[in-house]
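Here it is, the structure in full.
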Amino acid sequence: MIDKNFYKNNGPFTLAQVAEITNAVLADVGQAEEKIHEIASMENAGARDICFFYDRKAKEKAGNIKAKACITNEDLKAFVPAGVAVLICTDPKMAFLKLNKALYAEYTPTAGIDSTARIDPSAKIGKNCFIGAHVVIEENVIIGDNCRLEAGCVIARGCQIGNACRIGVNAYISYCLMGSNCYIYSGARIGCDGFGFNFENGCHVRIPQIGRVIIGNDVEIGANTCVDRGALDDTVIGDGCRIDNLVQIAHNDKMGRGCVIVSQTGIAGSCTFGDYVVCGGQSGFADHLTVGSGAQIAAQSGIMRDIAPGAVVMGSPAVPFKDYMRQVSFLQRNSKK
Amino acid sequence: MIDKNFYKNNGPFTLAQVAEITNAVLADVGQAEEKIHEIASMENAGARDICFFYDRKAKEKAGNIKAKACITNEDLKAFVPAGVAVLICTDPKMAFLKLNKALYAEYTPTAGIDSTARIDPSAKIGKNCFIGAHVVIEENVIIGDNCRLEAGCVIARGCQIGNACRIGVNAYISYCLMGSNCYIYSGARIGCDGFGFNFENGCHVRIPQIGRVIIGNDVEIGANTCVDRGALDDTVIGDGCRIDNLVQIAHNDKMGRGCVIVSQTGIAGSCTFGDYVVCGGQSGFADHLTVGSGAQIAAQSGIMRDIAPGAVVMGSPAVPFKDYMRQVSFLQRNSKK
Amino acid sequence: MIDKNFYKNNGPFTLAQVAEITNAVLADVGQAEEKIHEIASMENAGARDICFFYDRKAKEKAGNIKAKACITNEDLKAFVPAGVAVLICTDPKMAFLKLNKALYAEYTPTAGIDSTARIDPSAKIGKNCFIGAHVVIEENVIIGDNCRLEAGCVIARGCQIGNACRIGVNAYISYCLMGSNCYIYSGARIGCDGFGFNFENGCHVRIPQIGRVIIGNDVEIGANTCVDRGALDDTVIGDGCRIDNLVQIAHNDKMGRGCVIVSQTGIAGSCTFGDYVVCGGQSGFADHLTVGSGAQIAAQSGIMRDIAPGAVVMGSPAVPFKDYMRQVSFLQRNSKK
């Protein structure tokens, strides 16, 4: 059961309602008025719950479903036991997402400005924003409508934030122009100085960093992730990018649309990514690389050369996926002799 | 000498007191009334200090001990120079821990609620808590007795925290039920949204995350570590787990008792760990894996398959420790030809 | 054009002024009174801008320079097109740094103490400091002159900070003595407990950590980086070290002068580094290692043994750079058979 302490439950829903929300077809229309109260996993669902079954690998578990109802596809429906109401659709995972959104809701804070927030008089704040406790908004900041700035976040001088953005607890935004519908998670550090030095007389002399961070629309940047600002040009995160927790993005990196960067990846300075690049967790990139659109970089890979569009690479140093598997197999086979 | 600016010194202690505290036997009872003022390392200890000697590898250094007294075991006592009072026990490392705890103490803040803390009237706070400056406690939070909430931490709506927990500076706790005696370090991010998306029409559509983070008793979670909440089921950290700094724990991960996760490890979603699993630094785990109790994962390993209980693995992709050493040796031998 | 929202522009400068600032020689003194308004990259510079050309690899791009002026060296000047004023110097990269510093300036906050800062009466704060919103300064802290403590940072009991230090937004400093001219970035965690336990009766019992973090002069510690305090001796960061974002430095680590530690590197406890060690991103070090002065550790390397002064190593486990290249080449060649 989803914890009511944390999430609102908008249900129960009848199976007719569920079918409508999810674009699914109820196998037995006689069950249209039966109700579900909760979403649960295949293993945990009981008589008040609905579950989703879309992973063929789980077909052995399907026989034990105890749910009131199950949403699945044409292919898998035969595995669902009799007695469980079946709803059929083409994409049960998307159906899950839709029902989830309809049935549950996070509590969202009421718009308003907490009395402990420090807001410079020169800042402009849009309509219907929530500005939490101890938030700091500096000179000349512009914030759009419907934004949610959580407790203790700091928006530094001159930053511009679009509409419907959410800035997490204790996040720090500086030297940044941000589009709309972005979510910057708790503890993210946007716009810090890039790591650039010139060695002179035994000292690493800081090179002043005078660029910005440009963030598109519909971007997510994970908890405790760091995105440094550009040295001279800008660091750019394209529309729709999804960046996980604890990622490092260095100065002058440029990402196209819809890239997915999994946790603990590190990208050195001045790299250029195309669209929809996917980086597995803990992957690392040397500086000044170009990574083509649609490239897929496996977890823990080390990238030291440019990557062609659509390439799938793995290993450190990274090689095409098939070569990597050959290397692994060669080593395992031969080292045992 | 331990810095009195930072730690209280409850000494000096006589060697009789030391023997009692550490369950050690003083070799020469005539020295029972001699005093030690400080603990120091074997190298640095002087005439006012006591040191500990339990690492056989350090036996060459033992001859240079200048301490007033030394706690060691039966095996090693012969290496301690004459003139140093010797105390013998079976576990000198545990003796160190005990004497350390008895002789020194951190300064702990006096219980009370700072005037700058923002506490929702619906929150319930136990007895004898310290609530620091700029702390935020939201609706319906329940906090046990003897807790220490350090400056700027945020406890989000609905969270429950047991007794004697310490929440570090600027940490963020959300969607979380936590047991007693836990220590969440500065900057840790507990309960953020898991990294789950469905790709549709060129967009990565966020899957609502409606689970929680369940933390057992006596758990430590390191500085700037991230533990995401579950997607539907919960993320679970078992009793007695020790998680270091900058670790990533993704949605739905479940850990048994007493696991030790060293810094910068990343664990992808829906992994299940048994009890007392040990993960070396920078190790990485693919999603949906099962890792058996007592498994040991070496630093920088990449885990792509289930790991049997008690297995010791290393490498990326990880193999049994002996196979890894063979691979390394094969490669070093053959690549030089 | 550098964004005036974020940076002040002290220009325009005549080329005579530029030559003086950068120690360069203007090839055609007839151009001494011409003006530049901005610094730009070779690709983007236009008629109001000056650019820098010092990378031989960029010599093909040099022909397309559209800048008013270009600073380069004797070797490369022939590649600059006619019509672009040329300034010659021996180190154009250092010239860039100097002109950058002269032409642009970050906005710095006016000295003063924000009314929302919580400062213990026993703390001593030097002249001309900026203490931002919601900053917390605890008992017996001493802070030098000209420091900048940004919003929400916390300086814990007993810490001492030298002159002209900058402590970033929401950073946490504890158990620390810090020299002058240091910059601790947003979200850094200095002085947390080291990760030290003794296993006893099924529990990992915390070993009290009673050391400090000693930070020299002119040190930078990156965003969300963690530096744990010593267990008994101190953790030490030498003068002039540059530590990037998301780095883990464990208890008792000791670094000499001028070390450079790139992002996401992890150094286990009780390691000793000489001077000017360079660690590439995501490199990892086992505990109790000695790394000699001038050693260079490539990105993603795994260090399990001591490293000699000046050694250049790579791989996991790390080997001399040439051996690493041989191993990579051996594996690629042979696995394809």
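Here the chain labels run A, B and C in written order, and each chain numbers its own residues starting at 1.
To be clear about the criterion, a residue touches a chain if its C-beta (ideal position, glycine included) is under 8 Å from a C-beta of that chain, and two chains touch if they have at least 3 such contacts.
Quick caveat: nothing in here was measured; it's all calculated off a predicted structure.
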| item | value |
| --- | --- |
| Proportion of interface numbers common to subunit B and subunit C (over half same, under half different) | different |
| Cα superposition angle of subunit A on its copy subunit B, in degrees to the nearest 5 | 120 |
| Where subunit B and subunit C are represented by their mean Cα positions, the distance between them in whole Å | 28 |
| For subunit B, residues that touch 2 or more chains besides their own | 116, 134, 152, 170, 187, 224, 246, 264, 282, 316, 331 |
| Residues on subunit B engaged by subunit A in the complex (per definition of touch) | 116, 118, 134, 136, 139-140, 152, 154, 156-158, 170, 172, 174-175, 187, 189, 192-193, 195, 197-198, 200, 202-208, 210-212, 224, 226, 228, 232-233, 246, 248, 250, 264, 266, 268, 282, 284, 286, 302, 316-317, 319, 323, 326-327, 329-331 |
| Contact footprint of subunit A on subunit C as seen in their complex | 2-3, 5-7, 39-41, 44, 93-94, 96-97, 100-101, 104, 106-107, 114, 116, 132-134, 150-152, 168-170, 185-187, 218, 220, 222-224, 240, 242, 244-246, 257-258, 260, 262-264, 281-282, 299-300, 316, 328, 331-332, 334-336 |
